[in-house]
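Report on one structure; see the data block that follows.
Order of writing sets the chain letters: A, B, C and D. Residues in each chain are counted from 1.
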Amino acid sequence: MVASGQLQPEVIQRYHEVIESLGPEVLKQMLQDMHTIRAFEERAEQLYSLGKVHGTMHLSIGQEATAVGASGALRDGDYLLNHHRGHGHCLSWGSTPERMMAEFLGREAGYCRGRGGSMHIADMESNNLGANGIVAGGVPLAVGVGLSIKMRKTDQVCIVIFGDGASNEGAFHESMNMASIWNLPVIYLCENNQYAMSMPFPKAFNIKHVSERAPGYGIPGVTVDGNDPLDVYLAISDAAARARRGEGPSLVESVTYRYKGHSKSDRQAYRSRDEVAEWMEQRDPIKRFSSLLVAGGILDQAGADGMRETAMGIIDRAVEFSEASPMPDVSTILEGVYA
Amino acid sequence: MVASGQLQPEVIQRYHEVIESLGPEVLKQMLQDMHTIRAFEERAEQLYSLGKVHGTMHLSIGQEATAVGASGALRDGDYLLNHHRGHGHCLSWGSTPERMMAEFLGREAGYCRGRGGSMHIADMESNNLGANGIVAGGVPLAVGVGLSIKMRKTDQVCIVIFGDGASNEGAFHESMNMASIWNLPVIYLCENNQYAMSMPFPKAFNIKHVSERAPGYGIPGVTVDGNDPLDVYLAISDAAARARRGEGPSLVESVTYRYKGHSKSDRQAYRSRDEVAEWMEQRDPIKRFSSLLVAGGILDQAGADGMRETAMGIIDRAVEFSEASPMPDVSTILEGVYA
Amino acid sequence: MRELTYAEALREGLRQAMTADSRVFMIGEDIGVYGGAFGVSAGLLQEFGAERIIDTPISEATIAGACIGAALTGMRPVGEIQFMDFVTLTMEQMVLQAAKVRFMFGGKASVPMVLRMPGGSGTGAAAQHSESLENWFVHVPGLKVVMPSNAYEAKGLLLAAIDDDNPVIFIEHKLLYKTKGDVPEEPYRIPLGQTRVAREGQHVTVVATSVMVSRALAAAEELAKEGIELEVVDPRTLSPLDDAPIIASVKKTGRALVVHEAVQMGGFGGEIVARIASSEAFDYLEAPVRRLAGLDIPIPYNRELEYHAVPQVESIVREARKLARGEY
Amino acid sequence: MRELTYAEALREGLRQAMTADSRVFMIGEDIGVYGGAFGVSAGLLQEFGAERIIDTPISEATIAGACIGAALTGMRPVGEIQFMDFVTLTMEQMVLQAAKVRFMFGGKASVPMVLRMPGGSGTGAAAQHSESLENWFVHVPGLKVVMPSNAYEAKGLLLAAIDDDNPVIFIEHKLLYKTKGDVPEEPYRIPLGQTRVAREGQHVTVVATSVMVSRALAAAEELAKEGIELEVVDPRTLSPLDDAPIIASVKKTGRALVVHEAVQMGGFGGEIVARIASSEAFDYLEAPVRRLAGLDIPIPYNRELEYHAVPQVESIVREARKLARGEY
């Protein structure tokens, strides 16, 4: 795949095929979704600075392509287990900016009735089984979701998303092995954004790619360009097809980069501005995909430019909705602990 | 190495070299130690049937070569982190059968003052940091021991022993990675005896060898014939040398087989008698090593036969010592919780 | 009525639950061919097949996680942790996932799972195989905690736990597995959250859990000979805790002894004492409220030390007698 | 005297311990360049180098294990768990290894380590970043549990914890990190196992821990205006627990309120109530012993809900006033 260096002719061929097969509308929507994700997070950050959102949040600005590529490759009915840096995944999975933003603002209309906040967006109705505040916390659950699919004999798959840092938790190992021995329909998507909080990838791993761990579980592992939605799309499509054929799990590592600090209290002393600037300038997923679509004649420049505004409009409405909706009533504080 | 199939000429060459370099006395002692371990465990089992030992125990009968080969390759001052099937490792590390048996019998003179029993033999004085009742429970400790060696700037190494089953605990993964990124002087020795309790290796792993997981941590992994003390000796020697050179950890998988049930309550419905018989007849570590030494002219048949009796004598004395020594006094029950 | 052992009663409950509902399955280490470390699932593999009696690698955190994931997506898993001690490896999953997701996601997710495990000492298994950690789970809102004290209770509480839509920590006791009792054949449920008065008496209320219930009953027999009548109360579910019968009992007797095997310090006994001491029973107390619990030490291997590490019939007799006689 | 924040006081303690003893080192996630999630170790990497301020991958169980292994072999590690919640991943290591090995090996091994972690709510971090799990550790013989309630205490208790030859769970509070107090420059130790009377008063004994100590003191100020004098008692080390000053206080006041942030059910408050209810103070009690603790729910994200989930000055005032006025 793209991240692995030179493009092989077969790869270029597949790339052409996927552009053909998705068609212009889907491709444009993918770009629009990336814009919407970015606008959503930028606004969330702003509301945080204004003191309207509290707690903390983990922005995925710079990583939008992975979210859009991954969910684009999956179907209604599939399951999502998400992680703390998961706003993009929620949005591309179909969560509405309204109810997400309402959650950020702690409102009763939020996805979690204001109980969860930014780190815990879940939407059981769309099989979004929730973001997780615990690094690798959702990874063991994937085995159960996979088992459940297998026992219910559906052709669903489960995608579980986590970071490079999460790949060093014991949970990664146990879950990957169990899914492998039972051939469960699980896709392990590791978003390798080069850092786990302040820990640079090369200091936490003695290997080049997280995907090198897949052979230890007897499953395929690939590394893709996480800033290219199509590369992600292809890898997740392959993994999903394999899973639906009953052949078991896959590990997909998507190489990407976060532009913002780890969370709201990060001075980023662990990396240089130049490094950040280089990623932003050379490899920005939105810029790149936008150019690709324009170059390919799928979109004109005006259309490309308009997407940002469309996104802002969507987010404006989400904020309006959220600010107008009521806070939870303190009298309901004990609700929802037990079924 | 031997387990990998055909013998390469270099391997045969090294094998000859090791026989030369160890010399007849050491080789004979290795065989004697294997006899002693077996006699010790057989007697422990008998005492258990007689109700003199209680609780449970995990016998390593059939696995003696790994213990003798591994500790033979290490030095005084090195550290041992042992597991539940660890009597052989204790004995070959230098624990006395007297104080071990006294522990089994719950005596004050036992290594743990009768507080630990068969599963927890430790001897801080010889840097035997203890056997562990928790599968993979000692594995994370290896990182700390390795760090401590590094910070104290000694040339010690730490060997941590665990089973195939333990290799699926999250602890395996975390510990292996951390030792690797910091180049710690740790030897991970996995005794793959084909089963984790009732779980056969092929049902718990989608790979052929535990050692295939080493590349995922960027460290060397080898699989050796765990029923050949010299093959184990060679692999552990290599790993120790690497560790002492500051090049970091290694994973050594020793392929072996346990003859007895997992613990004292095992009906062994998960394997066939034929399978057990085959290992006992074709690959018994004591028989094989005995024949090798006799064939090589290092030992005559009478000498070989006498070793079993020597072992029994050692164990007789250990039992006598233990039975004559007092039980802990109930008034001391609160002792030893805090330093 | 037909007698079954505690292990058999559990097995019958499991079998009936699995027969009645295809969403119920079991997952754990060595529960298949081996039949479980304590034989609870013996034969169930043959009956239900490897798809519903799932043997796992040794990966406790992921056994718990597998239960949670399956429960979230429509199944009703029953996980087995081979010894309660190993549940320490699942705390993140059980406490930060299973117990939290419902509340944290606004009351919309549910995690109908049971995690079974044998606790307690008395088998010479030493410090790493003898834990009694129930109070950890009691301290976690979102979890329920059940401790059946005999065969009848075991089956009825297990069926109720499997029916429950919440994560339930189901704590069995190693020493009870082979004890027998009357157990009806048909499926029956003992509702979670109902304290039981196991024996009536007017002099001292003894609140006991798990294996301590039968020890308390034996102590009551002893003391009855001396004219001291113990009222033995078994909470059955430690969380939710039905404290009304406990408080009512203490109002009657004026004296309370709380008995559990877990170490005293920070244990469940504190919760019971606190419930009593802040209730209307306070005004009826004629003596300090006492706890009799495990010594504050790890469980020793040596038989005699192990015996003395936790409450036994004699020590319950001794404590209850002192309380009854006003010696505190 | 010089004022420092709680975080600065901890840092000074760490610096002094590391300067005095080359066996002391720190290990945890993001403690180096980042300076720790709450800034406690800021600058220490520059001072002591990467060999003694060790940034780890995200592997909490092995952070704990690394401390244990190093402690067993002559070092004195100070581990950091980024949020107390994540200590759930270390329970096997801390409870079955660190706490057990000494006893289990016959009193011959020692594990001189400190595991630091920030607990508590109040920062909008929601259910998975706000746990107060101290009572789990109190329930484990072999561990010590320390909860400093202000900057002065933080430094003195941390230095004593590092000196201690046992595994110590050292629980800081997120909301205290920025609070200031007088802190002597020279190293000083506050012995583990000595309860402190933080304020004297004759009407109600309030036993409070961690951040609740300052809330209790604020409540005491309020109530003093009404002529109600609270005696505020801070155990400082929950285990070992020095209960004599608590009992003495209750003998004086006849009324006791136990306040902690952790959820009430199964919490440390039960231990305190049980100590009082079984002590000689029992005869002096003029009212039921009350607990005021976190609601039995996970911590909610919404600010107002979060505020109401745990005791605040107003609720302490309310409860203590009721107790003083005999309204229970």
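Just so it is clear, a residue touches a chain if its C-beta (ideal position, glycine included) is under 8 Å from a C-beta of that chain, and two chains touch if they have at least 3 such contacts.
Note that the structure is predicted; figures quoted are calculated from it, not measured.
Looking at B-D alongside B-C, one finds more C-beta pairs in contact between the chains of B-D.
Distances between chain centres, each the mean of the C-alpha atoms, put A farthest from chain B.
Distance between chain A and chain C, defined via averaged C-alpha coordinates, is recorded as 41 Å.
If you average the Cα atoms of chain B and of chain C, the two centres end up 37 Å apart.
Rounded to a whole number, the gap between the C-alpha centres of chain A and chain B is 45 angstrom. Counting partners per residue, chain B has 112, 114-116, 120, 132-134, 137, 168-171, 174, 177, 181, 203-205, 337 as the residues that reach two or more other chains.
Looking at chain C, one finds that residues 57, 59, 61-62, 85-86, 89, 92, 96, 103-104, 126-128, 141-142, 296-298, 300 touch two or more other chains. Per the touch definition, chain B reaches chain C in the complex via residues 54-56, 103, 106, 112, 114-117, 119-120, 132-137, 165-166, 168-170, 196-199, 203-205, 265-266, 269-270, 327-328, 330, 333-334, 337. By the touch criterion given at the top, residues 25, 27, 51-52, 54, 56-57, 59, 61-62, 64-75, 77, 92-93, 96-97, 101-110, 112, 141-142, 144, 164-166 of chain C touch chain A in their complex.
Residues of chain D touching chain A in their complex: 29-30, 32-35, 37, 55-62, 85-86, 89, 123-129, 295-298, 300-305, 308-309.
Of all residues in chain A, only 168-174, 177, 180-181, 203-207, 212-213, 215-219 touch chain B in the complex they form.
Looking at the complex, you find that chain B touches chain D at residues 79, 81, 110-116, 120, 122, 124, 127, 129-130, 132-134, 137-149, 151-152, 158, 170-171, 174-175, 177-178, 181, 335-339.
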